[in-house]
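After this come two complexes, each holding chain A, first together with chain B and then together with chain C.
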Partner chain A sequence: MHLHRYEKIWLTFGIGSLIIFLTVLGVSAFAMGHQPPSHMAKVDPQNVRSEAPFDEPGLRQIDETTYQANIIAMAFTYQPNKIEVPVGSTVRFHVTSSDVVHSFTIPNTNVNFMVTPGHINMAEHTFTEPGTYLVLCNEYCGTGHHHMQMTIEVVE
Partner chain B sequence: MSKNNANLETNKKHVPTETDSSSLKGTFIFTMSIGLFIVLSWSAIFFLFLNRM
Partner chain C sequence: MKNSALRVEEYSSDLDVRVAPKDAALSMAHIYIAFSAFLVGAIAGLLQGLVRGGMIELPSWLGYYQILTAHGVLLALVFTTYFIFAFLFAGMSRTHGAFSDRLRKLSWTGFIVLTIGTLLAAVLIILNEASVLYTFYAPLTAHPLYYVGLTLFVVGSWISGAALLAHYFSWKKAHKGERTPLFGYMTVATIVLWIIACLGVAVTVLLQMIPWAFGLTDEINVLLSRTLFWYFGHPLVYFWLLPAYIAWYVSIPKIIGGKLFSDSLARMAFVLFLLFSIPVGFHHQLMEAGISHMWKFIQTLLTFVVIVPSLMTAFSIFGTFEQTGRAKGGTGIFYWLHKLPWKDVRFFAPFMGMIIFIPAGAGGIINASFQMNAVIHNTLWVVGHFHLTVGSTVLLTFFGISYWLIPHLTGRKFTPFLNRLGMVQTWLWAIGMFFMSGGMHLIGLLGAPRRTAYTTYQNHPDALVWFEGIFTNYITIAIGGVILFVAAVMMFYNFIYMTWLAPKGDTEFPISEPAEDASETPKVFENWKLWIGIAIVLILFAYTIPIYDMIVNAPPGSPTFDYLIK
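Then we have the complex of A and B:
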């Protein structure tokens, strides 16, 4: 098969980019444990409050610097509405919705995911700077959507 | 060329393989420009993601 020299160059470039992108994706997924926010974990959306872990929404300490935050999103607030963690903590957010699709977004961080009813949506973030972090709903959920927020206090 | 033309009558499946090579220059520039754009935008988003970890 005859290939023009330019064709060889752009095919090499294209296949090379594909290999690089897939390698980065593979390493981040299998070696660093990155995963989509909604994966296999499910919850009965009709009985969110009667089953673990959302029967006791709030912050739970896992080890010295790791916390798990079980949060229920609903129109138009989050339960709990405020959590407080020490600086340097890693917080695993486990969020579900008791009604419609919401989102859980902490601006300027990688935490930005849809909260779908029936799923336990997860993300993890390490808070290295003290301050008040705003959490917003980024997914239009009704007339009070723009009021839907909560705060995370990161204290020294 | 006259040889090729003679073949056309008997071998209808004959496809000319030789094309004007200079015509690929524009395609090459455009392909590499799009490739560069994809790589740069992908890298920008990826480094933004890493910085926010």
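Then we have the complex of A and C:
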């Protein structure tokens, strides 16, 4: 099978680019810790409120600037529906679903992950600007899906 | 160069080789359903665009998520699948001779089963019993018969696929030692890909969803069902794309008056698609819990491999263009481009699709880029992406095929009038898509969610931004949608015209002569056992351990949630 000289150049360039892209992704993931949200913890989706931490959904302070937010996503809201943290706080969101598949998405941040029943998913974000942050569900969850939201108040 | 539209009339060299009349009837039966679904799906799309822009409200008896389901199912599943089988049946009859009566009967059986499944699913969508979107993620629950309809759809496609495979292998048996025609080779790769891909959706629908929806089991393993869906969901997009590539490799060279650049590279590209388009479904699940980083990354690597055959295709097709342009006297670095038939819609519509595939492919690489997926996952960016890939590259190619396939099958002429309509249609589609898909991409970067009805999230400023920009605006997206709808209605008229109104006569089914290097094509490409074997090994490698983990370490399952969709 004959490969034209230009095709060799083209494929070398193309495959070389792909290798560079993948190397960047791999280094970012495995050397710098920027992994996609892939939490392995599990929960009984029909009894999420019977066990910690979702028996008491809400915000818990871990240290001076770090919080853990335990949130239950459900059709068509989040529990709690509003949390408040001081500016500069780092919040670890631990989210599960008590019914169908949802997402936990804060527009204009990198917090955007799926919430599948039976699993707890998580992401972390540092809020450096004060304001009212919108959280929305971007996975279709039923007729009221477009109403599903909560807010995060980041205060001075 | 000048008056290249005249070639439409001159272009009648190969008329004696045609699709057998009985096979043409089979192919046309698929075309009728394809274009009927296309029109209804396009209406649903128009309504969606207007609703999301806050420009209209739907009547109380019609739900946004109902028309969203209809749009996805009718265009992405019904139109594509029926059109693909119409094209493959006709092409196999044209290149491998008429189907035997036995195989044609089998094909009709496939068509009937496919159609019963489609109608069952359609009725349940109309009754608002199946507004679960075309991804039908559990534990949202549709009416159990909806899943039966989907099963019949897949079974019907397998029966039709079996008929195509049998036709190819009986040709091979009768022509021992001969190189198989490229069309048949590519058809086999496409159908084998489809059958292997459907195994995933068949397992989740038959073993998980149907027993659960009928109440025979209480719970469903959600992550497993999503994984099996996406095992199917990614190769599904290649099932749409490969027939478009068949037209690029086999028909376009003939339309522009040339020959394919290389036979062996064409076959190699299809083999690579077969091998690498399946073990990659996790790149649709990068943002979800319960799948480890490592397996997500491994499938991301494999996803990037499947870019290679598209790079090869780009080279081969543009190589064919240059070779043809130069043979017609074109010189210099770019002057040969002038020798291409720009005013012939049979070339121009697929060419527009090819050009659009460049940004579409680049967007796809971004989507598959592991942790970067968080920026765009489930935003309108993704909707913008697949309206470029399947909605433009594949559809414009299918439209381009229609302009000769339908008149060929109905014994009518491809007229200069039809050519002009087609040229206008192609431009309208491209312009509409520029606004709609462009707007969707940018608004997605601002966080606008996909699969979501009109909402301002209680007038939250982050959501109001989506209604304020010039390009990043739901209204711009809706305007693009209106232009696309006009183009869709034109295409439907073109279908009517080609089927019933065009003057009687002959239109060629263009099949390129074999490429210069065809005699040297290595025999190993015909060794399907080898390629299917490697495909299975890759699938087992990419999926065995994570699926085993999902089953053995599964959390308690989920009950049905049918009330949430009504």
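Remarks
One rule holds in what follows: the second predicted complex is superposed on the first by the 150 of 156 C-alpha atoms of A that agree within 3 Å, B and C clash if a C-alpha of one lies under 4 Å from a C-alpha of the other, contacts with A are read in each partner's own complex, and residues count from 1 in each chain.
Simple rule for what comes next: a contact is a pair of C-beta atoms (placed from the backbone, for glycine too) under 8 Å apart; a residue touches a chain by one contact, two chains touch by 3 or more.
Just so it is clear, the structure is predicted and the values come from calculations on it, not from any experiment.
Residue by residue along chain A, chain B and chain C are tallied for touches, and C comes out ahead. In the superposed model, A:108 makes contact with both chain B and chain C. In the superposition on chain A, contact is made by A:149 with chain C only, not with chain B. Contact with chain C, but none with chain B, is seen for A:75 once the two complexes are overlaid on the shared chain.
Using the contact criterion defined above for the overlaid structures, shared-chain residue A:10 touches chain B and also reaches chain C. Touch criterion met: A:37 reaches chain C, while chain B stays clear of it. Once chain A of one complex is fitted onto chain A of the other, the partner contacts of A:117 are limited to chain C, with no touch recorded for chain B.
When the two complexes are laid over each other on chain A, chain A has residues 2, 4, 6-7, 10, 14, 21, 108, 110 in contact with both chain B and chain C. Residues of chain B that touch chain A in their complex: 17, 21, 24-25, 27-28, 31-32, 35, 38-39, 42, 46, 49, 52-53. Residue ranges on chain C touching chain A, taken from their complex, read 63, 65, 68, 131, 133, 137, 139-140, 221-223, 226, 262, 264-265, 268, 285-293, 296-297, 300-301, 304, 307-308, 311-312, 315, 319, 365, 369-375, 377-379, 446-455, 457-458, 460, 462-463, 517, 520-522, 553-559, 561, 564-566.
In the complex of the two chains, the chain A residues touching chain C come out as 1-4, 6-7, 10-11, 14-15, 18, 21-22, 25-26, 28-30, 34-47, 75, 99-101, 103, 105-108, 110-123, 132-134, 136-143, 145-147, 149, 151. On chain A, the positions that touch chain B within their shared complex are 2, 4, 6-7, 9-10, 13-14, 17, 21, 24, 108-110, 126.
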